[in-house]
Every structure is written in C-alpha cells, then in structure tokens.
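Following this line, the structures themselves.
Both complexes shown next keep chain A, but they swap its partner, so chain B is in the first and chain C is in the second.
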Partner chain A sequence: MTIGTFILKNALRNKRRATLSILSVAVSLFLLTTLLVALRELTVPPEGEGAALRVIVRSKVSIANSLPARQRPIIERIPGVEAVSPFSWFGGQFKDEEATTFGQFAVDPRTFKKIFVEGKISPEAYQLFETDRQACIVGRITADKYKFKPGDRISLASTIYPVTLEFKIAGIYSGSVDDRNLFFNDKYLNESIGDPGEVGTWWIKVRSADDMPHVISAINHAFENTADEVRAESERAFQLSFISMMGNIKLFIGSICTVVVFTLILVAASTMSMAIRERFRELAVLKALGFRRRELFTFILAESFGLAMFGALLGVGGAYCLYTFGNIAHMTNGIFITSEVTPKILGAGFLVASSLGIISAIAPAIAVARMSVVNGLKTLD
Partner chain B sequence: MAGENIVSIRNLSKIYLQGEINVTALHNISLDIQSGEFLTLMGPSGSGKSTLLHIIAGIDRPTGGECRVQSVDVTRLNESELADWRNQNVGFVFQTFNLIPVLTAYENVELPLLLTRLGRNQRRHQVNTALELVGLSERAHHLPRQLSGGQEQRVAIARALVTFPSLLVADEPTGNLDSQSAHDVLGLLQTLSRSGKTVIMVTHDPKAAAFGSRTIHLEKGELSN
Partner chain C sequence: MALPITYNVRNVFIRWRATLATILGVALVVAVYVLIQSMAAGLEKSSQNTGDPRNVMIVRKGSTAESSSQVKREQFKLIEYLPGIALDAKGRPLVSGDVVVLITLPRRANAGEANVMLRGISPAGIALRPQVELVEGRWFTPGKREIVVSRRLAARFANFEVGGRFKTGGKELNVVGITDGHNTAFDSEIWMDADEARSVFDRENYSSVLVRSASPEAAKAIADRVESDKRLPLRAMLETEYYASQTMTAVPIRILGKFLAFAMSIGAVFAAMNTMYASVGSRTREIGTLRVLGYRRRAILVSFLIEGAFLAFLGGALGCLISLPMHGYAIGTFNMQSFSETVFQFRITPLLVVKGLVFSVIVGLVGSLLPAMRAARLPVISALKSV
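Right after this comes the complex of A and B.
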C-alpha cells in the first residue's frame, strides 16, 4: 500500500457520497463554464477575417436614426476607402414567427462582396444575387434550419417598413462567424418603399489596417455640423457598443457565476467536514501511530482536492466537449454561434475547482490539527 | 535490557479543567517499569489509570512531573517530535481495536510503516512477520468487518508490533471480547512480554490482570499500593 492508495481508499469509502459530491461539483462547474462561455459570446462578439478592415457608420444620434443615401459618394471619395455598401436592417417576420431568428439586411450586391470577404458562395449564385433585384443570399445555419434551398421563394413582412417583400434565394453562403443572416438588394427595398433616400448604416471596407484611424476620423469629420452627423467606428467597437445597449450583462452573469461558486464552496466544505468528522476517531488513531499534523492535512487536502478535480474533469471537460464538438448554433437555433471554451475559461474552471478543493479542506484540517489524540479516541463512531 | 528501567516516572500529576472546576486525574505519581515487564494498571473508573497510560505513551501531557521512557523525557518533546517518537517506540492496542475499516488486515498492519523509509519488500517482510506472530497470516487480505472481534484485536496487536517498538500499551484490550478471545489476546501479550517486550495494560478485570507480571492499583489519581 502507498499513501496514494490510502488516500484513494478513504476518498471512496462512501461511494454514494463521493459520487454525489463529484456530480455536484461537475454540474456546478459545467454551469459555470456555460455561463462564462455565454458571457464571452455576448461581450466578446465573434470577428470574421474581414472585420479588421471594416468600418461601420451610423447616426450619431441613435442607431435607430437613418442616414441619407447622399452620404455615400462623400464617403467613397475619402482616401483609404475601398468599398461602401448600405446596410439597412429590414426587421422582417417570417411566416407567423413572433421573433425571427435571422437578421435581414439590405445591401448593395456590387460592393458587398468586397466588404463581406469571409462569406463563401458560388460565383454563379452571387452573380444571380447581383443581377436579379429580388434575389437574396442566406446563411447556412438559417438555410439548414428552415430547409431553404436555391430557387425557393420566401416572404418577409417588415416590422420597420410598411411592406412585405418576396425574395428568391439565389444561394447559400457559409464561412462567416455568423452564418444566419439574409442579405438582399437595397434597390429592391427602396423601390418598394418609394425611394426615401435613406439607409440604416454604412458598411465600409478600408484598404489596410493602417488606413482605419484616418478613415474613421475623416468620415466623422466629413459630416460634422450637418443635420446628419455620423459616428464611424471599427466593426468591433460597433458590436461592443451594440452589446452595451443590452445593459450590464457582464455584471448580471458575473453575479450568477459568483453565486454558483459560493454555493459550490458551501456544499463542498460541508461535505468534506462531514466526511472528516465521522473519521475523527480514525484520524486520532493515525496521530497515535505517529502521523503528524502536516501528514493528516495532506490526506484531507488530497482527498478534497481529488474530488474537486475529478468533478472539474467531468464538468469543465464535459462543457469543453459539448461546446467544441457539439453543434451549438443548431441546438440554440443560432442564438450562440461560436460558443468557444477558451483556454482562459478552462483555466478559470480548474482554478475554481482547485480553490474549492483547498478551501473545503481548511476547516476539517484545522479541526483535526486541534484535536488531541485522547479526545479523538473518545469520539463515537 | 531485562531488568533495566524502561519507564521512569517522577512526581507526575495531571489536572483537568472541567468547566470551571479543576479535576485531579493524577497526583504525584512516581513509578518505575522495567524492560520486559508486563505491568497491569487496575483501578475503578476515573482513578486515572488510562490517563497514566496515555502520558507514558505520549498521547497526553502531564500538568507536572517527569516521564522518561528509555531516558527520553516525553513531556518535553514537541508535537512533531512526539509523533516520531510514538511511531518508533510505542505500539498501541485499543479496547475497540480501531482498525481502519477500508483497509485489509495487511494494510492496517502496514500503516505505521508508511511513515518509515522502508522499501516495499522490507515492509512486506515486517507485516508478514507480525501477522504470523499473531496467527493471522491467512486472513491478511480480509477487511476488518470480515474478521471476528478476537481476530480484529490480534490484527491491532500486529499493527502495534510491526515497527518493533520497545513499549506496547494496551487500554482494556479485552473489554470488547468474549472470554475465549480475551484469553487468546492476553496469552499473546504475555508471550510478547516473555520474549522481552515491555507491556503496560489497563484493565478492570482481575482475571486479565493475572496475566501480568506486576499489577499496580490506582485510586483517585494516586498509587494505592
């Protein structure tokens, strides 16, 4: 027998309790990992390869305010700008769905492919998208969900404009970080609503990353002191400001995480205390046989740490497998796209488990250290 | 070694604080125990016999006086030194056996050796020798719950012997045994004493005390003869 075998036998002496302890740690850490993944997904939006070269321009007043279409040639003339496309939220309802799970945007197909470089689609399909005003392209996730295929016709009733538009699916794109959206020709939208000369936002591609700061500055400056002042920013900054509109989601999820961890520590500490308390007599015998405080503390710590880490392997490891190998975008109807368990999240999960193992061992270890052999031997089994 | 004092106690006292009341468990005890002796401590409940045994074995500390075991004043050792000293010099046999229920007889006996630097083969040799001595070689891989009370106590004796301690202390080792098992265990302790091991045993039972080479009576914390 080795010390390791001794610790293992002690840890597994009450198999039901050990199993339940491990499962409670595993489930809690799975939940914690899930919350951290969700938090990351919501606060660190996924970036496509083209995002680094994209600038989003919106009304300085509010994203709900539209911009005049006449701004486009002014933006196009700014040095460093490679392509400009309108990007207008259509807000369409599909069939009788209350909340449609894919976004629809009116864009300029001629310039859009230069801006949306990560979206992969067959040249024939894109050509049809460019030439047929009613054509649209749909992301793979949405196409799979609704079983759309090229050639299908779908109707969307806008909740923003007083129109219902019928679209012909020209092709299915994939390869972007969010293959859910539907893009259609902005001219089709303009014709349908009487050409008001407005767009929602501008989507811009700059030539190089070096051009980003001065393009952003030039656009902001170009419309300063006009009736339609704009706010130009990188795509990432735009997404983050968009997320901030949801409120302090970081604080909200952070609070839930804290509660999960705190509850987990209480449960684990209580379990370890019970497990050790019922072995006081045995621990007193070990003391009598010559085991020192530090050795008994090592036994308790190893047992507690082992149970916590085994729970972490199941919980955090399970979450890693699910979010890495599972089709989360499909399972969540496309609400979560990347669901990435980053090394930082893995580290956080195992750090919590380690802390749990250590903290829950402290109280029983102190009790054992204070226990005299004589008093320990008097403890009833 | 036979005939030399292995334990030498001078003016030993122990006072417990129970609530706000001082309770004298031992008062001014002086005693010598010779190597190879089988000393039995008798007395009514609360007479201090177990306390005396605990102090000699280094698991309790006196309030005053001196307790030398093999010339080492155990009252002056710190917690860690005392633990090492116990491991090397004292074997314990308890009334309720106190075997670890999840370990086999072999593993229970091996337990004190985990603190030594012995290799696995040497440990195996010592454990097998100890189990042979108590006649339980064939039960080595049984768990305590698969053994009778008498067998459990013999395993406990094997555990006490496995480090070759100079002193064996037994606190009412037959208190939980039937008469036959008690007789076997006492016979075993007597044999060990005759082979040179010093045994100190606390008992209520005059029949058990008769196995010893000397009996000391305690009453109200003092030696009565």
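Right after this comes the complex of A and C.
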C-alpha cells in the first residue's frame, strides 16, 4: 500500500461522512459562486458592441425629468455626432401585470438602426418598423417569455404617460447584450399624448471613439444656462451611475459572501477534526511505528485538502456548467441575462476551497502533534 | 416510555466541541435569514407607517407613483371645493397640491450620486402630515427657494445641513431645516414650497393632491366622489392605502432572503447530520444499554430527533441574538417604485424571530432524522459489544 492509497482509503473509510463533507462544501461553494456571479451582473454592466460609441444625454436634474424635443437639431449639428434618437421610457404594463417587466422605449426608427448596431433583425422586419407607425420590435428574451411572434398585437398601459397603446410586432431582434427591450416609434407616442414636445433621454452615436470626449463636452456646453441643462455621458458611465444609485450593494453581497465562507470553514473544520479524533488510536499506532509528526500532518492535510477540492470541483464546477450552458435568462424570467462565471470567480472559488482544506487540517494536526503515544493508544472514543 | 429530555440536553453540552461548530453554523444561517427578512420588514413598515386615515391622495389614473403622475391646475381647483374637506383655523380647505420631482444629488464622502425625492407642498401640506416633525432650523418660507431635508437623508447626502446649499435645475436651493419623519416614507423626502418648486423645475402641473377630510368615513366618500367624477381622470385613495401599496421593493429582498436561507440550510443540514452521526457512532454501546434497559426503538428515535432539534434550536437562538444589534439600524436603497433613495431601518419583529427559530428546528430535525433512524435500528447485541 502506497502512501497515496493510504490517504485515499482513510478519506473514504467513512463514506457517509466523506460524502456529507464534500456535499456541504459543494453546496456552499455553489452558493458563493452564485453570489459572485450575481454581484458581477449587478455591478459590472454588460458592454454591448456599440456601447463604446454611444452617448446618453439626460436632464441634469435627474433621469426622471424630460428634455425638450427641440434640442435634437442642436445636438445633430455637433461635429462627430452620427445619429440621434429619442430614447423615452414608456413604463408600460402588459395585460394584468402589476409591474413593468421589460423595458419599452420610444425611439426614432430612422436613426435607431445606426445607434443600436448590435441588434440583429431581418431587413424586412425593420422596414416594417420604419414604415408602420404602430410597429415595434421586441427582444428575443421577452418574445420567448410571452410567446410573441411577428404580426401579434399587444397593448401596454403606460405608467409614465396617460395612455394605453396598441403595438404591432414587426419583428424580433437578438444579439444585443440585453435582448429584453421593446422599441417603438416615438411619433406614435407623441401623437397619442398630444405632442408635448418632450423626450426622456437622447441616445447618440458618435463617429469614432476619438470623437467621444469632445462630443460629450460640446453637448453639455450647448445647453448650459438654459432651462434644460443636460448631462451627457458615455453609455458605460451612464450605466455605472445607475448602479451607484442602488447604494452599497457590493458591501451587502460581500458581507453575505463572508458569512457563507465563514460558515463553510466552520462546518468543514469541525467535520475534519471529528474524522481525526475518531482515529486518534490509529494515529498513535502510526506514531509508535515511527512515523514523524510531519508525515502525520501530511496525511491529515492531504485528506482535508482532497475533500475540499473535490467539493470545490462539484460546487464551483457545477455552478460553472449551470451558468455557462444553462439558459439563465429563461430560468430567472429575464432578470439575469449574462450570468458569466469569469476566471476570477472560478479562481476565488478554488482559493476559498484550498484555504478551507488547509485551515481545517490545522486544529486536528496540532492535536495529533501534541498527543503522546501512550495517551493516544489509551483513547477509546 | 420516552427518554428524559435532560438526557438529550446533557449530551448536547457534553460533546460541546463537536456540537459548537454545528450550533454556530446554524446560527449564521438563521442570522442571515433574519437580517435579510428584517430589511424587507423595515421597508414595508416604513411604508405602512405612513399616512393619516383621514387623508385622501389623488393622482393621475394609471400612474403607479407620484413622480410620474400629473394633476392639472384646473383639476386641483375642482378638488379644492369638493364637499367634506376639513377646514383649517382660518376657514381655508386643508388641501395640498404637491409637486414631486426626482433630483440627482451627490452623496456624502464622494460615494456617487443618487435620486432624491423632492416634494413641493402647499402651505397646508405641513399640517396634513403630522408625522413629520421639525427637529432643527425652521420650515421653508413660501415663495423662497428654501428646503427642509429629513434627518435620515441628511446623513447620506452632501450639503444636507442647515445653511447648506446645492444647485439643481440651474437654481440654488438653501437648506433651512431638518425634519424627522419618525420611520415613515417621509424620511426619504425633502420638502419645499410647491409653487416655488413648479417654477424652479418648470412644471405646469401638480403631481398629486392630498386632501384632509373630517373623518376616515368622509375620506372614503371623497375618494369615491373623485373616482366617479367624469371631469376628473384621476385616481383617489386613502393616503394610508397608497403608501401600503408602495412595498414592491421589498419583494426581491424577501426572495433573496429565502433563497439564501434555503441554500445555506442545505449546508447546515449536512453539518447537523455529520454531528449527529458522530454522536450516534460514539454512543453505540450506550444505545445498546438503553435498549437492554427496555427503551423501545421509537423512544431512541424520538430522543435523537429531540437532541438534533435542540442542538439546532440553540443555533437558531444564537442566530437571532447575533442579528438583534442591527435592529433599528438605518440603511438606504434604491426604491424601484419611487425611483429614488429610500431610507429605512432593520426591523427584527417577534414574528421574524419565531420564524427563525422554527426554521432552525426544521434544520435540526431534517439533519438528525437519518442518524436517529440509524440509532433506532442498531441491533442490541452487537451494539453492546462495540468498543
């Protein structure tokens, strides 16, 4: 019997305990990975292909304040601006739903295509979207959720405007980082609310990344000291400011992660020391046979490290498979859409597992090192 | 005959080293559950605390929040002269036309920006909301660009102190007072004069109208009257009802709490199982002796179940104790309904504590079921022979 098989046999001697230990490590690490993935999803917004060239303009007072439609030609004249579209949150509720479950935005179909470059849709469908005022295009995730298909008519009751609008679905788009939204013609909205000459925000495409800084400052400057001062920022900065509004979510999820890890270490360490205590007499025999402390410590460490790693493989690996190959958008009803397990998250999971293996070996190892052979042999329990 | 409970209690304490880790594990699971649910409870409570049963809140039909509602000035005039409205000492109707504007402001300590709900109120607006008390400085003067801020928000946003000033909508606003909303939704608002707010933010219409009636019954009558009035495409409801419905933000917090409790409890069940199996294993001879003495299998089973439940219950109690210091601690989050920063407190209610304890007992029972069954099934003779 080699030392390797000796360790393996020992680890699996009490199969029930080994299974329970591995499973509790696996469940906890699965949870930890899930939390880290959720944290990443909430705090690191996905970056669309076109995002690097997009600017969002909102009222300086707050995003809930509207902007005058007359700002459009002024923005369009700024050098470096390629396309401008209104981008107004409609906040519609579908059927009997009590909340707005997917985003709906009023846009200008003529320029929208140039701004929303990542959305893939058939040219015929887009043609219809451009020509039919009541037409809208819907993202794949929402379309799947509600089983929408081109040609369907849906009606949405706005919580922002005093109207309920009926839309014809012209097509389904996909390929953007967030295939949940519905886009419809801004003119249709204006017509129905008596053309107040207001939009929610402006969505702008700049010619190149080099144009970005000066376009942003030119837009901010253009409306300075007017009744409607604006804040123009890159799409990325805009998303990040939205996240900062949520408050200290990092701290919140971070503390939960800490508690999970702590609980995990506690439980695993106690199991490990239980396994060793049960074997005190054998270890005393090994000591009597001439095995050194160092070797005994290696046995214990290898066993606990092995169990922890096996748990990590199941937990972190399971989470990786679920989030990479599972349809998360579908499972969470479109709340989480990317759920990417990054190498960093994988690393964190395995790092926790390995420190777990080491920490749980410490207490039993000390006990074994301190034990005198005679006492160890006398142990009954 | 059942085994005496003291037998189980003593066993739990004698093997304290093995049980301590399990107790702590269960404690942490319960603490996480109680704390997260207490956030949801605090959020709901602050909404439910808000409002006066004699007040009627009127918003545009179809709008779910005041910030997206509009009430036209002519509609406001019609409402002002509805019958049944209470009058103040000078004989004027107690009606406030409110303007709700969300403004983005920097937090303290450069911690980013967030939306704050600014409410412009008519002079009667203060008397209509007796829950709000001025604790520092003075009330704003109508016609001036002065605001009062809630004490809770003052702790979170830059320049929110008496004498502080900040710019929004191109105009400068001066902070002249600090209010305390006593754990209501008004803790998350800053107030100024309604007409001044309309001019600063260029608003033609009001967002909502608040009306005081003589009694809760009269309030219902006013609400019905507004709802049925064809000239008014408005929604009227009791102020208390309106705020009680503003608790959607608590839903995801509750779901998160349940999810975490469930996931973590799986780990805790395994831990309890491990401990109980070890406990059964090391007491094999003892169990054999008990059987010889005449205790039945069922008594052994129940005994170990009680032991597991007691073990986890200790953890649950410890978990509740760990979470208690957070009671009353104020936190803020983004409210999806009002679209602004909402401040509320952790609220550890007795019900929550009971739920936490029940939850821990369930963890204990589930975790000790298999070990207890094993103990009950031990063959007597070989159990007695084991070392």
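Just so we're on the same page, the second predicted complex is superposed on the first by the 379 of 381 C-alpha atoms of A that agree within 3 Å, B and C clash if a C-alpha of one lies under 4 Å from a C-alpha of the other, contacts with A are read in each partner's own complex, and residues count from 1 in each chain.
Everything below uses one rule, namely that contacts are C-beta pairs under 8 Å (C-beta built on N, C-alpha and C of every residue); 3 or more make two chains touch, one makes a residue touch a chain.
Since we're looking at a predicted model, the values are computed, not measured.
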(request) Assess the superposed three-chain arrangement around chain A: do chain B and chain C clash, or do they fit? (result) fit
(message) On the A-aligned overlay, A:125 touches which partner chain: chain B = first, chain C = second, or both, or neither?
(response) neither
(request) Check whether A:193 is in contact with chain B, with chain C, with both or with neither, and answer first, second, both or neither. (result) neither
(message) For A:373, using the defined touch cut-off, is the partner it touches chain B, chain C, both, or neither? Pick first, second, both or neither.
(response) first
(request) Return first, second, both or neither, reflecting whether A:237 touches chain B, chain C, both chains, or no partner chain. (result) neither
(message) Given the overlay on chain A, how many degrees, to the nearest 10, lie between chain B and chain C at the CA centre of chain A?
(response) 90
(request) Quick one: classify A:359 as touching chain B (first), chain C (second), both or neither. (result) neither
(request) Check the residue A:282 against both partner chains and state whether it touches chain B (first), chain C (second), both, or neither. (result) first
(request) Would you mind checking which one, chain B or chain C, touches more residues on chain A? (result) C
(message) Rounded to whole Å, what minimum CA distance do you find between chain B and chain C in the overlaid structures?
(response) 11
(message) If I apply the document's touch criterion, which positions on chain A are contacted by chain B in one structure and by chain C in the other?
(response) 381
(message) Under the definition above, what is the set of chain B residues touching chain A in their complex?
(response) 54, 57, 59-60, 79-80, 83-84, 86-88, 92, 94, 96, 98, 100-103, 106-107, 110-112, 114-115, 159
(message) Looking at the complex, which residues from chain A come into contact with chain B?
(response) 1-3, 5-6, 9-10, 12-13, 281-282, 285-293, 295, 372-374, 377, 381
(message) Under the stated contact criterion, what part of chain A meets chain C in this complex?
(response) 16-17, 20-21, 23-24, 27-28, 30-31, 34, 60-65, 91, 98-99, 157-160, 162, 164, 225-229, 241, 244-248, 256, 259-260, 262-264, 266-267, 269-271, 273-274, 278, 380-381
(request) Write out the stretch or stretches of chain C touching chain A in their complex. (result) 17-18, 20-22, 24-25, 28-29, 31-32, 60-65, 67-68, 70, 101-104, 111-115, 168-170, 201-202, 233, 248, 260, 263-264, 266-268, 270-271, 273-275, 277-278, 281-282, 331-334, 339, 341, 387
